[in-house]
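All chains are identified by letter, namely A, B, C, D, E and F, in their written order; residue positions are counted from 1 within each chain.
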């Protein structure tokens, strides 16, 4: 029995409806999301036991967050109550040639002000088989980075599989450290990394590269250098995203397992209902695929890409789809027929 | 003066808005619809005198249904009040690669529990020139099938034109009979049949076929066999639907009148606002076309296809368009310019 | 320091949401708009001092209009209070093959019943450098045409740059005069004209032409004849619009400055959130471009086309975008990526 | 079999929701209403055959009006299509100490510009037993007043019962005539008048009075003078309304039938969901009561008052209640229990 | 540690907003509720471990129900999947003199068609200390009544406290048995009964009585007879509800524990946001009060009445309040001040 | 010509609609407000030149705030752009016995992190005649308190009238100082203070008192002691609020001008649409009243109380009413009749 524990921030998401600009909105749709939490939701939808660890404020907004976690069947037993506020992000959904806008208001959130002593990782991870984190948590504050390192080290010691989505956000990393100061130590315990090759090079402090994802010869060489720094690494995967417009994306994926290179065919995604969280949907699909299809790496990658595509059709951060729906798409049934 | 009477079920339709999944919805849009009723609405919009016969519950929800029928200018004088409930269907509208979902909750509806004695067809049809039914009514219950047969026989005796949309729904047909036990008797009185060739073969108890709608040579042969079983048959038409995605359909049509084969050019339909009821829009357009353009069969088919295309742009089950709007499209004016 | 004054009508816009037909709507979204006002809003968004002159009723609906003008940072100091009503237009937004519908209810509006004595143009224009009007104002009533001529003459006398969007609306022009009776006198003071060549010919009382906007040789000849009648003319520009469907437009532009011909590349615009006001967005972009890029006429035209494209992604009449957003698109960054 | 024909204006009603002020509204709820039409709706709800005669524009907004009439089961066979626009009224619903605001935009409506030749009253009234008009129609234009007089005279000649709600609106009567120039001629054919005594005196050109509706001795004397001028008069009724606040009304009624005086007990009405149309609900209840309870005048008055009270609980202009619901309240069952 | 298990039906609730009548609604608010489930929600809000047992259909609507249960922190581990449909009720919320309307569409629901073998009560109740049922479950079908009896007997055998809300609904009980055939056997195992005395007499097959709840002398005599039939009975409580209008209720309570009579002072409840589920809020408050305040029966009753009052201010079936909020009201702090 | 400058914080207000609890909300209504800004809005509505000084973030949410200020006709020329975020408050609107809840998320807002050097008060106040501040600004941070003191001293030096609303919020004052450390210095420059007597005593560091606002003899004595500490004081006023329930308030006022005591009669306010900002409406009304009615202090107080009452009927923080509407109420016309 697999149990995945994800650690990170969950935010209140306030978005305009019907492509309204911020200045036109009299209402914000209120939902929740965050990179690592979105992965946990994906897995819960796929029937995997999934838990999310974070710190949320002990007020009525925090209470709503807990209700949401329960509704989505994501375990919340190790959520710590405390801090002053829930992080917020404002979202204006674009269309066509106008891209979406995100305004972050997440400084001083409960998780950013958490101490590493808030989490007893040996206890938290005692039934878990997998730990997932992302590059956002070490970016928000020094103490969050410490808690993350504590988690990763404990997970490593306890023999869990560890996955990381690099998720580089330049606007974060404001507390005085750079990714290269923090990420290498964290990544060296990880078995699976999701991210662009150039982002990985940057975070690991290596020289800048410009990967050509169509070049099947050079890619293994580039991926290989990441393996060199991360001794536990088993798999590096990259989402391929070609943005035709805010309403039309083309999505594929590449995966390298240290031996071979896998490509998933690029799919047309149009229209885009909501693309926020689609990278997390890829990550969630990849974890599920690796757990379920085991040695069939190609199938795991195909599942991740199809999950990512389907996410674009769903409002909100989460990929509210079933295994059946993703597999239908993997199997070529993506024509959007009415089910009745 | 033409007057069309349609017989069947009208349901409460509860749909999510803005592509929300069922689990995200706090509201359902409430509207009404049903295959045969949707045809009656099309005809009323085209200025044809149109009446719908059904049974609805004598409660406040039933009363809303009657108001809706009047609003849409569909005659309701022969609707019978009785039974316990109005059938319901829940609709989650898909987008892109995610198809729409329909959850039926129509068992034990007022029409399913109607008796054939509820309807005095000689009286009901006395001013009518056309009777329309579909393969749904004989599928919902034995007594509904009996009422339908009674209607078809009376219409035949009174000299009305009779049309049928095959509308095969595998989830219905739960009362112990199969289509081949019931449909041949019903279809032999019909002059116009709308449906896929393979569905017609299945319902008439013939061997399975796989028609190639691009093959102009084999189609007449396949259609001809349907004519053999149905002695009154004048016209068989098939909607051609290529589902690129839930948001992009390609729509054409084929019609065989016992002598010649007619094709309507395939049109691009994107985006899809709501595709439920688009087959009924084809049927409504075909009846109107045959009534208006008489011997110009190609024009009738073109009208049906254009009507079907326009339906995809309209929320709800009904094709709320005028003759002028459909003819504009038939005449090549489909560029969606602003009318002002 | 530039200051642009626009003169015309502002209407209450009542539109259905989510592509509903008028008969399906229980709510109308209430906003405001009008050809010349929309240009003023564009300019205010681009940081240009902008003022709108009109007449609005001295009631609570008129008061809302003033609040809207202030919110949008468009000067309203010379708006005259009076008259009985604000003009209204009803809008049903189409999709795909179904075009949008506009129903005008603007007769007897405050501006249509204004007298030319309501406006003291010497006072109004004293700090202005640019005056903008359109072919709608002389179309709504004789007194509005007189006020417009008074404005244009005064602007000319005071040395302002004068621009005009021809905006031919056949349904207006009900008061007994034809465009050719009124427009030549008005246009001869204008420096910039936006409109189709055939519309210009019609309004100036010349023989009918059918310009081919791809024909680089014949266009200057056609444009030249407009220059002959309008002695002050510096620039004629035309928006090129190819309507694939109500949801998909292709937008380009042509400009002739008396010497050379400029083309802006055609861009794909899909999906269309709202195309009303997109011509005004072109006009607003052109004025801004001519002011900012001065002798770089190509850049001015490119800015106008990009502004027009972006407008299609925004609900309501106004082009609520910044210079930065338009320039991003001019510079090829139109892929609609999330900004975060 | 009774059949009531009402004649007057039906308007588009644009109202703010949830007590918003006009300047706060981004949406208007769109419904329909008008004094005489509201009476026709009441009667249709009570199962009386009811028809409304008016003139509406032949455009898409007019078409919505016809759909609404049919939905409400009010006959529309003699509605004339023509004119430029449907009258509009804007409504801001107050609360507590803040009263509701109505902004009229009804000048030049289709009915105001109708000619008396638009209506063939002998044909229109041929199956009718009752004609209802109000003091609004003669107030909107000279031609509407003429059409109204034509209708009243024809109804009189054909032996119909004629009722009138005085409905004095000072803002109307803009075409050069005063009520006393027009109303006496119209009222002398009427059998039932609803209105305040002082309003009746004013409209009939009599000296000003200040009736005390609690003074059972003086009231008959005051009412008697109205009878003197109106030779066909049988019944004068007055709604008693005490406005505690916009959210709390106290409603009673007085009726004089030339012989005796009837009082209906004052009832508390709180909260007020929507008080527009409550006078029309009284009028509709009174017509129904007089038709159904015949000589039991007290019961007719009680029905009218209860109908008026219930109207305050319903959004929109119409009193969407059944006879059963009104009678329950007349019989003292007004405690608002859940019916299940 | 207390753990309460409730057994019964959970329905989809479809309600109109803003006091709209059914025929005015284009949308239904979708929520969930049912007498016994509402009690479970109350207890979960008060921090009591609470579980709900029922049968729901294995489709997407049933899946929504499970998400709702989890969100509300009500255990769902023993919910059985099966059957064809979720019961539905339509709700039109009244105001003032117009009461609310409920239209049931709950026949053939998953729980009504459940078999008693669907539930293994020894397993289900193994950690529980309290079992709650109501008079609705034995009313919906014979098999549901059997399952209920099985549950009650097992709970009795296992030593749980058993409570019942009589909840008489005349429209149910359609399967051939009367309350007196079924309820006495069920009630004789119960320790706590909530209901009107006359309802209890009727359900127990005793002669009709008309209790006067202000008569402190006769009440114990009447209650005593219920104790005589129900050998395990400890407490009978009755909600006192005086319905001034749909928007104004007056709420009190009476409790008899076999020895003494307790009265809770009547409180004014105005306005009423939603009164559905207020009886269940009383029941939930009473169970909590008896568990928490133990021998302080007056305090338990006061808590139940305050909980019932607060429920009227909350949309939906559930009493979404905390212990602190109820206790504030019990302690006299009911002035509705802003908490900030 | 009066010009009032107010200084303080403007926040984004996120409120649930229709009395929903936070956990039920899928949408938040987005508006703006803050004690001092609400006063500025009141004055702008009354036709007084009014400006608001604050610091807001230079992002898209800050830009919305500026649009709002302009829409409301409140000057924004001296708003400083900077800081990280706009303060937020979440509002759940209660009903009846359930009070409203406010959750603050305003720490680290742009104004809280402003430096006193951000504001050049001599420049800002150069055309002003009145300066308004409140006890909130010195409570949010040390630097905000310093900026406030700077403003008050400059205003004093420049001879402006200075008013202060004490607005004690215990949850603020987190930066290490207590009101008594900061407020006396600030208040000694003020001419008008609005607040409860006991709050004033507390903030001025005096012994606790329990004023009885009905005791006409003791009140002047209590108020007098405030005058003793504040040498510039002319007027102290107190809003009298009796909270019957969240939906029913009773509002009066008391004012002492150093010589005489004025009482305004208590008025019933029911229902309450929104009570947030009603104290600010009192303050705005008082400033207006003192400016307009000058020596007629009773009228100024009556105006303030009527303004406060009317605010309760309006959604949002602001008192969107005109002088005419307030005066109508002062003159006894508070019956909420329809204006048409």
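Convention: a residue touches a chain if its C-beta (ideal position, glycine included) is under 8 Å from a C-beta of that chain, and two chains touch if they have at least 3 such contacts.
This one's a predicted model, so the numbers in the text were calculated from it and none came from an experiment.
Visitor: Going by more than half of the contact pairs matching by residue number, which of D-E, A-F or B-E reproduces the interface of E-F?
Guide: From the options D-E, A-F or B-E, the copy of E-F is D-E.
Visitor: With chain centres set to the mean of the C-alpha atoms, which chain is at the far end from subunit D?
Guide: A
Visitor: Counting shared numbers against all numbers at the contact of subunit A and subunit C, is it over half, same, or under half, different?
Guide: Answer different: the two copies use largely distinct residue numbers here.
Visitor: Farthest chain from subunit B, going by the mean of C-alpha atoms per chain?
Guide: Ranked by distance of C-alpha centres from subunit B, the top chain is F.
Visitor: Taking each chain's centre as its mean C-alpha position, how far apart are subunit B and subunit F in Å?
Guide: Distance between chain centres, rounded to whole Å: 63 Å.
Visitor: Between subunit A and subunit B, what distance separates the C-alpha centroids? Give it in angstrom.
Guide: Between these chains, centre-to-centre, one finds 45 Å.
Visitor: Tell me, which residues of subunit D touch at least two other chains?
Guide: Within subunit D, the residues that touch at least two other chains are 18, 23, 26, 67, 101, 271.
Visitor: Within the complex, which stretch of subunit E touches subunit A?
Guide: For subunit E paired with subunit A, touching residues are 67-68, 70-73.
Visitor: Where on subunit A does subunit B make contact in their complex?
Guide: The contact residues of subunit A facing subunit B are 17-18, 267-273, 309-310, 312-316, 320-321, 325, 329, 334-340.
Visitor: So in the complex, which bits of subunit E are touching subunit D?
Guide: 18-21, 23-24, 94-102, 104, 169, 171, 243-248, 271, 275-276
Visitor: So in the complex, the part of subunit B that touches subunit E is made up of which residues?
Guide: 14, 22-23, 25-31, 59-61, 63-64, 67, 84-86, 88, 90, 92, 101, 103, 105, 107-108
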